[in-house]
Amino acid sequence: MSTPNQTPLVDIQNSIDARNIAIDKVGVRGVKFPIVVLDRTNERQHTIGNFTLTVDLPHHFKGTHMSRFLEVLNENKGEMSIHALPNMLKALKERLTAERAHIEVSFPFFMVKKAPVTGKEGMMEFECGFIAESNGTDDFILAVKVPVATLCPCSKEISKYGAHNQRGLVTAKIRFRDMVWLEEVIEMIESSASCALFPVLKRPDEKWVTEHAYENPRFVEDMVREVALKFNADERITWYEIEVENFESIHAHNAYAYLERTK
Amino acid sequence: MSTPNQTPLVDIQNSIDARNIAIDKVGVRGVKFPIVVLDRTNERQHTIGNFTLTVDLPHHFKGTHMSRFLEVLNENKGEMSIHALPNMLKALKERLTAERAHIEVSFPFFMVKKAPVTGKEGMMEFECGFIAESNGTDDFILAVKVPVATLCPCSKEISKYGAHNQRGLVTAKIRFRDMVWLEEVIEMIESSASCALFPVLKRPDEKWVTEHAYENPRFVEDMVREVALKFNADERITWYEIEVENFESIHAHNAYAYLERTK
Amino acid sequence: MSTPNQTPLVDIQNSIDARNIAIDKVGVRGVKFPIVVLDRTNERQHTIGNFTLTVDLPHHFKGTHMSRFLEVLNENKGEMSIHALPNMLKALKERLTAERAHIEVSFPFFMVKKAPVTGKEGMMEFECGFIAESNGTDDFILAVKVPVATLCPCSKEISKYGAHNQRGLVTAKIRFRDMVWLEEVIEMIESSASCALFPVLKRPDEKWVTEHAYENPRFVEDMVREVALKFNADERITWYEIEVENFESIHAHNAYAYLERTK
Amino acid sequence: MSTPNQTPLVDIQNSIDARNIAIDKVGVRGVKFPIVVLDRTNERQHTIGNFTLTVDLPHHFKGTHMSRFLEVLNENKGEMSIHALPNMLKALKERLTAERAHIEVSFPFFMVKKAPVTGKEGMMEFECGFIAESNGTDDFILAVKVPVATLCPCSKEISKYGAHNQRGLVTAKIRFRDMVWLEEVIEMIESSASCALFPVLKRPDEKWVTEHAYENPRFVEDMVREVALKFNADERITWYEIEVENFESIHAHNAYAYLERTK
């Protein structure tokens, strides 16, 4: 480690830019940082965030100051919540002298899940995330990815026995007026599927999930509609986007459905 | 292989749906298919497409007919061009009885590139793509990803010698009124960078690219602006989106800039 | 483009290294190049290779000459076969003054597949590859990844109706004394599964694959054993490695089995 | 949730298998689980493991019992250390009635890093892992991935000014007779590079890292050799494997070197 430089170093980023082009977003991406998120059961859950942090850049500046994004992240010490994010947006705007700030973070989120018959417990991971933007007013989106089982209604109907089923992945994003827990969104999605997935299943559980899925066939079209019905019925939710991708067990490609609504 | 079933099988997808929820997009994703794309030099280039094909689904139908997407793909025999795509959109709408159809395809695209001094030739790959939508009128977007070298202006300015540089990835999407070749977009982007990348470089070439990059420092902010200037100057281009991600050689995270404009 | 440099440039790579450490493999990775592979039906198939090319480096040299790997690739013009690869290994050894050379290439490979009842045709992609090494004698490994359907024997046995099933991925590598086609290995693996996957399935086909999978339940353990039985019975095959990963439709994690044998 | 099944369900996995093929490894893969790892500074670090857990399966059993792998994981409550892993291997062998057990886990590991001049602190992530096997005796391998900066000695030598540099990724695996901290391996690798990477760099730091990299040029060949020299000099280390991949800033492909040694 050397001693600090004595003469001030030129601030190239701060110089005037003559190209007359404002930039919508500039910042850092792929920043990994340990975070704490709120959790309905234990209040706080340790996990790891993958961040994109950006601000706008007016046309007259040559560049932004990338190190300040990391400093803001450090100062927030990884507290991620719908309470902490507005402060972080504000700090980004102040430190970067910007009008708009944008935070995207995704993180693994764990829930304890019990097997449906034996009650055997295990941990299951869901990839969750927040998208927060300050542009005049603050905007906040909550995102979850929920793996589920889907059993094909057509295959069940036309076959003498059996029905093809597979793992599918539901990605949902919501805006809300009153706090919605990640766990609530996960449960709304799981209960819309042919069956939820479980970390630990003993034989009586496996019998139950097999029969439950067979009794509740779902196309990708059914999945997006069932989740949409639940989001429609929840008055806290004001906007949503639902995407379902089924890793079909009869094809090498996937079935896909997408729906976006402002309520 | 068994003999075909004699009694007609129920068409579950065609049954009435009472949930009253129309679906924005439903179809297939992750479909790999050999394709031929137009190429400025050789006219036709064999490559491999990764497709998402979707249509809208009115609220009164339970499901779409997934196999028909693949049939439409087969019937088009992999001819991918701004001429062939409107026909494919039309076929999707007809076969699926839909109002809207959407095709996304990405594919590796190769260009022969010569080393800047020795002229040594090699092949370089660019991930390209088309996004085509039919919704009343047809919409067509051309997409390219171009890896480039960027050398940091700040690092160059403040250091006694050297300057950190790295590989960056520029993703550009454009809409146009008159045909623009993929190769033209690639060249506009490469000429905006500190230096283009090359498949084969002998020592005189390596000297040239090293010095050329040092003489042309670029922040991610400069990259999006330089590309924007070129897109602004090209009257064929009516809309663009530019994204730059720098795999910084001084950080484990990336620098990022984004710009979107309707001209 | 500038004029070539007049004075010879120092060859740093060729200088003496005093650390006395030989390097097992040095070269280039992630090189994309258009290739042609042999195909049982059409003789030649255009595809795209992703290459790792390496040689050994004796302890007394500072570095290898990276551009020569690309030159050897260019000179072979993408002809990839068990006939062409020995020449390419030889060329690498000569051009890099090395004792050992190693080529790994993976590529998408397409087969036309017919639906089991209607005979509807479509294209299906398999990720294939070659591993070739010259180290005294030449060694050649053929690799294929085959997605299949697996239906759980336990779930079928214990449930009143239905049985969970899912997409699984079988990765096989073989050494052989007489030529084995990629298509043959793919067929040996598909016929070991609960059911093969298909690109296009109409309703009579979907009924057939659903019932066929139900009649042929397979654990991951069954999958590796069934494939092993077929490889054991084929006298051309002298060594194999089989890996199966099932994307379980009842869990968010995968079931896994692995087997390696010299015959 | 339904009531448990009254009649015992058949144990298909336990039935006799007549194919006479023992399986090397069978188990679960892609299991995410919150874990705690030992850390030189704070003693314990919360992170998230991605597990593959397997055992061997004798030829006479049809299948293994997948749920027991998850039960063993739950019972160990995520304590991952060279002390806890032997117990977990033992538990796997007992619960699965196996002769051999195998655990692979990778996890993000964070270190606080100070900028070289200003001392500004930030968190930096390294992908680390353990590979533990019980097969007669216990075997333990520690793995780390360390991103670094490399500056090309050839480019520096032949160019009037500048030198191409880039992010590289060093993957090292070691066996040892006396405990080696993850942090120690990371530091051995970082000090072998042209320069370490840092999460936060102010201008005086950026000047320092630019000049430091320029003063310490490294080919991928130099990187593996410099790390090998450090591993050779450490008497605790008995075996190692070193892999370096440079995301070249002059090419779209990567430079690569690999070395494996038993001391």
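Every chain is named by a letter (A, B, C and D) in the order it is written, and numbering of its residues begins at 1.
Just so we're on the same page, a contact is a pair of C-beta atoms (placed from the backbone, for glycine too) under 8 Å apart; a residue touches a chain by one contact, two chains touch by 3 or more.
Everything numeric in this text was worked out from a predicted model, so none of it was measured.
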Between A-D and A-B, the pair joined by more C-beta contacts: A-B
Averaged-CA centre spacing for the pair chain D and chain B, given as whole angstrom: 34
Intercentroid distance (Cα basis), chain D paired with chain A, Å: 27
Where chain A and chain B are represented by their mean Cα positions, the distance between them in whole Å: 25
Overlap residues in chain C, where contacts from two or more other chains coincide: 9, 31-32, 125, 154, 158, 199, 201, 203, 207, 252-253
Chain contact topology (line, ring, star, complete or other): complete
Partner chain A, residues of chain C touching it in the complex: 124-125, 147, 149, 151-152, 154-155, 158-167, 195, 197-199, 201, 203, 206-207, 209-211, 213-214, 247-253
List of chain C residues in touch with chain D within their complex: 9-10, 12-13, 17, 19, 21, 23-32, 52, 54, 57, 62-64, 66, 153-154, 157-158, 219-222, 224-225, 228-229, 245, 252-260
Touching residues on chain C, where the partner in the complex is chain B: 1-5, 9, 11, 31-34, 46-48, 67, 70-71, 74, 108, 110, 116-118, 120-123, 125, 199-204, 207-208
